[in-house]
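Across the two complexes that follow, chain A remains constant while its partner is chain B and subsequently chain C.
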Partner chain A sequence: MMATAATVDPMLPQPYSVRQVVKETSDTFTLTLEPPALEPSSGVYRNRFQPGQFSMLWVFGVGELPISISGDPAARDRLVYTVRSVGQATQTLVSCEVGDAVGVRGPFGTGWPMQQAQGRDVIVIAGGIGLAPLRPVIYEVLHNREKYGRLVILYGARSPHDLLYRRELTAWARQRETQVLATVDYGGLNWHGNVGVVTTLFKYVRLQPTRSLAFACGPEIMMRFVARDLETNGLARENIYLSMERNMKCALGFCGHCQYGPHFICKDGPIFSYDRMRPLLEKYEL
Partner chain B sequence: MATRTPALLTLEQIERLVLLLHGRGYQVVGPTVRDGAIVYDVVEKLSDLPVGWTDEQEAGRYRLRRRNDEALFGYVVGPQSWKKYLHPAEVRLLTAERSGHTFRILNNEPAPPRRAFLGVRACELAAIAVQDRVLQGDRYGDPIYAARREGIFIVAVNCTQAAPTCFCTSMGTGPRVRGAFELSLTELVGLGKHEFVVEAGSDAGAEVLAELAPAQAVASQATCQEAEAAVERAASQIQRRLDTTGIRDLLYSNFDHPRWDNVAQRCLTCANCTMVCPTCFCTTVEDVSDVTGTHAERWRKWDSCFTQNFSYIHGGSVRSSAKSRYRQWMTHKLASWIDQFGSSGCVGCGRCITWCPVGIDITEEVRAIRESPASSSQVRKESSHGNP
Partner chain C sequence: METLEHIIAEHPFFAGLESYYTNLLTGCATNVRFDGGTYIFKEGEEANEFYLIRAGRVALEIFAPQRKPIMLATLGEGEILGWSWLLPPYQWKLHAHALEPVRAIALDGKCLRAKCEQNHDLGYEVLKRFARIVEQRLEATRLQLLDVYAVGRS
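Up next is the complex of A and B:
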C-alpha cells in the first residue's frame, strides 16, 4: 500500500487533463483527455485500448462513472470520451473546461472482436449515445480498409439534433465500401431522412449474412429488436455482438453491481455475443 | 515441516498462546461478548473470550445463555464474520487534494495490523477461502483485501456443538476444519477437566506449537478419540439440510417459480442477510469532499443487492421488485457463484436464517422450489455443489 499513486493499484485514478471539449448536441459533449506527463509503466494505465473498452472517469469529489472510449485507437497520446449529461456526475463531467483534471482508471472490459471481423463486412448499429463505443470500430476499419469488407453504419437518434458526430457521419458516407444510414424518432420539417426505429433501416442494406459481423450498442430494448431482426435476416447468433450496460462501482469484478446472470458485465463484458445474451435478455428483472 | 500429530494443551497454555502471538507482533482478534451477542474484537487475555457462554439460535432468533461450565468456545457463530477484518464494512480508497486545475492522490493509508484470528470455525474458514477466490483469485486482485489477508495467523476451532440453524454438513464445509490454518483446537471440557487437542496446519503453526511446549507433545489415543467424538456429536446435532444436487440448474430453470412471489411477501429487503453473510462481498463507493472543495475522499462501503439503488442505471433500477432482489441474492449465492468462482457462495453457517427479522430460511426456500419445480425441463443430474 505504500506504492506511489496509481502505479500498481487498479483502484486509484490517474489525473488526466482536459485538452478539448466539443459540444455534440444540447446534452452531449466529447472530451479529449491527455495523460499526465509521467505515465506509469504499468500496463493498466497505457492509452492503448481496444475498440469497445471503457474507462472509469472520476470527477473530483463527485463520483466515478463507466464511460466508453470513443476516440481513435491509433491515437495513443490521448483518450477521448463522449458523455451525455443525465445526472450529477455526467453533468459535472461535461461542464469541464480545458485544463481541468479528470481521474481515469482503465481501460476495462472486452472489446469488439476486430480480429474475427477481418475479411468480413462490419455492420455497426447504434442508438443514441451508443455510437460512442462504436466510433473506434469505424476508425479502425477506415484506417485499415484492406483488412475488412464493407462497413455499414446504421444509426438511430431521437431527433436530427440528437445525432452525434454529424460532420463525421457525412464524411464516412463518402468513403468507399461504406454505407451510412441514419434514422430519427421525430424528424421535423427539415429532415429528409428515415423516420422510425433503427431496425427500419435494414431494408436499405444489402446484407451478406454469412460473411458479416454485426456490432450493436444502444438501449437494451433496441438491442433486443436489432438482434432478433439480424437473426431473421440470416446472421448467426454468434456473429452478433452487443454492448451491455449495468451499474458499476469498481470495474474490477469486486463490487458486485454489474452482475447479469453468471456474468460480470465489467470484466466478462461489456461486449458479449448474442448467443450468450439471448437466454438472459428474455428474463425480466434479472 | 514438523509432523502434524495432535498434541494436548492445557487452559493455561491457551492463555500463553495469546501472549505468545502478541509477542510475535500479532493483534489477536476473536470472539467477545458485547450487547447480548458474540462479536469479534481484540482479545488481550483469555478472559476477554465468552467464557462460560453459549448461544441459542433459531430462524429470526438469537440469545446468549450461561453454560454450566467454563468453556471458551461453547457457542457457534454470531452476527459478525472475519470479513469484518479482511473486507471491512468501510474503508477509505483514497484521499485527494486539489491544487490549481489538477489534483494529487495521497495514498498514505497506514498498513493494517498483522492479525491472528482466534476461534475460526470450519464454515468460516471455508468462507475466507470463498472470499479469497472472489477478491484475489480472479482477473484483478483487491489490494485492500490482500494487505489484510497476507500473513494472517489462523487459530481454527472444531465445533463440538451445532446450532439448529447450522447446515455446514450440507455444504461440505464443517463441522471439522479443513483447509489452510496455522493451528486447530478441539475443546474438551467437563468432569473437572479442561483441555484442548491441538494440531498444526502450517510451519508457522508448528513453530508456535513447539514454543508452547504442550502438556502432551503427542495426545493420547483416547484423548484423540474423545475429540473426534465431540466433533461427531456436533455433526449429528445438525438438523437442517440443503440438498445441493443439481442446484445451479434447478435455480436457473426456476427463474419464474411462484415461490419467488411468496418469499417477496415476507422479505423486508432489509439487507440483514447480506450484512451477516461471511461470503457476501458487494460494495459501493461514496465520495466526500470538504466545503472548500480542495480535499476529497472516496470510501468503499458494504452494499447489498437488496437495496433499490444497487441496480440503478439512468432511468430506473433493473431490479425494482423485492421478488427480483431476493431471487438475485439466492440465485447468486447458490447458482451463479458456481459459474463465477467454481464453488457455492454459501458455506452453511446459518447466519442469514438467524438474523433475518422475519425468519426467512434459505434451506426452506430451496426445498420449496425443489419440491415443485415450475419448469417442466428436467434438471440435469450432476454432482452436488458445495465447496471444494
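Up next is the complex of A and C:
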C-alpha cells in the first residue's frame, strides 16, 4: 500500500539522495536533496515546508542533527540545506557526494509568521549561518511581492569570505522595494563594504516600526543585541521574532533535550517572539 | 538653496537641537568634500574638527608595523566622524579613509570648544550627543570582540 502523509511515522527518516553540493565558504556548503522517487500525489514527498522550519537529517554512521531548510518553499521537488561544518556530524554531512543517501525527518517547528507579515515591511536580520533559515522568507516575499511591504535584509558575517549567497545578495538588492546591507566584523584589504557588527546597519534603514515585523537569526548574543536595538528603534517586542537553535534530539517534544525554560524549542519553536524569549535570553547558563 | 544651518539642523546627530544652538554651531561650520581614496585625517595629526557625514563612506583604520592597515569600522551618511577634537591632546588616534567620494560638514574644533566654554548649555547638548555615540560604538566594539561567529562561541 502506498504511504500517505498521515501514516508516515515522524520518527522514521525518509531516504533522500544528494543531488548537488555547492561550496558557499571554506566551511559551509549547500546541499540539495531529492527524494528517490517523486510521488507528487502521495503527500509523502511533496516537501512542503514553511519558511523557518527544519528537518532532522540522519547522517549514516554518525547520527541525526537538526538543520533548517534554506531553499525556496515553492520548489517542491527538492529540499535544500546550508550546513556549516563545526563538528563530526556536520563535517560528515558536508562531505557528502552526489548520489549519497541522507535520511530526512520533518519538516518540524513553527516557522516564521508569514501570515502576520502580510501587508507589513519585513526586516530580516541575519548573522553568519543564520541567513540560511531566513532565505526561504526572502524567496517567499520576492515571489509574492504584492502581499508584503518593503523587504530589508541586514546581514553580518565574520569576514568577507564568510558571507553566504553572495550572488543572490547582489541580485536581491536589485529587486524593487528591497534593501540589502551586508557588514563584516573584520574587513580585509579588498573589502569596500561596511565593517562593524550587524546592529551598526540599523542607522542606514528608515524603519517604520509600527508597520514592520522583524525576523532575526544568528548566535544568541547577536540576537539579544539585535532585539534590544530593534526595540530602541520603536518595534514592539511581539513584532520581533528570533530563531532559537538550541540542540535537540527527537524534534517532537518527547525527550526534553531542547527544553528552554518552559518551552520545547523543537515543537514550540525554534521561532519565538521576543516578548516570550526575553526573560530566558538574559538568564545565565540556561 | 540648503543653508549650512539647515543642513546641520537636519543631520541626525543634531536632531532636536534648538535653533538658537544650531545658529551658534553654524558659525564654526564649513562644507567639505573628499575624493574617494584620500585620507581625511591621519593618526597623530592635530585634531581640529569633526565631521557630519552627508554622503559617502569612511573607513576608520589603524596601522600596525609591517602590516597593511586594519579597517576597524566604517561610517556613512547620517553619522559623525571624529571626537579627538573634544579632549586633550587633540590628536587623531586613527586614520580616516574616504572609501568613496565623501560630502560632509566640518565643524571647527577650536571654535566649538570656545563656544561650549562660553555657553555651557550648548556644551551639555554637544557632550550628550557625543556620549551617546561613544556608548553605541563601545557596545558595537564589545560585540565585535566577542567574535560571535567563530565555531563554538555561540
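Heads up, the rule we're going with is that the second predicted complex is superposed on the first by the 270 of 286 C-alpha atoms of A that agree within 3 Å, B and C clash if a C-alpha of one lies under 4 Å from a C-alpha of the other, contacts with A are read in each partner's own complex, and residues count from 1 in each chain.
As a working rule, a residue touches a chain if its C-beta (ideal position, glycine included) is under 8 Å from a C-beta of that chain, and two chains touch if they have at least 3 such contacts.
It should be emphasised that the depicted structure is a prediction, and the values quoted were computed from it without experimental measurement.
With both structures placed on the common chain, the touch criterion links A:254 to chain B but leaves chain C unconnected. In the superposition on chain A, contact of A:209 is made with neither chain B nor chain C.
Contacts of A:264 after superposition on the shared chain: chain B is touched, whereas chain C is not. By the touch criterion defined above, A:64 lies against chain B but remains apart from chain C after alignment on the C-alpha atoms of chain A. Contact with neither chain B nor chain C is seen for A:113 once the two complexes are overlaid on the shared chain. Using the contact criterion defined above for the overlaid structures, shared-chain residue A:11 touches chain B, although it does not reach chain C. Taking chain B and chain C in turn and counting the residues of chain A each one touches, the greater count comes from B.
Looking at the shared chain after the overlay, A:99 reaches chain B, while chain C stays out of its contact range. Within the superposed three-chain model, A:185 lies in touch with chain C and out of touch with chain B [touch as defined at top]. By the touch criterion defined above, A:86 reaches both chain B and chain C.
Common to the chain B and chain C contact sets on chain A are residues 86. By the touch rule above, chain C contacts chain A in their complex via residues 12, 57, 59, 68-69, 71-74, 76-79, 99-100, 139-140, 143-144, 146-154. Contact residues of chain B toward chain A in the complex are 93-94, 96, 98, 101-107, 109, 111, 134-135, 138-140, 142-144, 147, 255, 281-285, 287-289, 293, 296, 298, 303, 305, 310-314, 318-321, 323-324, 328, 332, 336, 339-340. The part of chain A that touches chain C in the complex is made up of residues 27, 84, 86, 127-128, 157-158, 162, 183, 185, 187, 189, 191-197, 199-200, 203-204, 218-222, 225.
The residues of chain A lying in touch with chain B in their complex are 1-6, 8-13, 15, 17, 58, 60-64, 86-87, 99-101, 103, 245-247, 249-250, 252-257, 259, 261-262, 264, 267, 283, 285-286.
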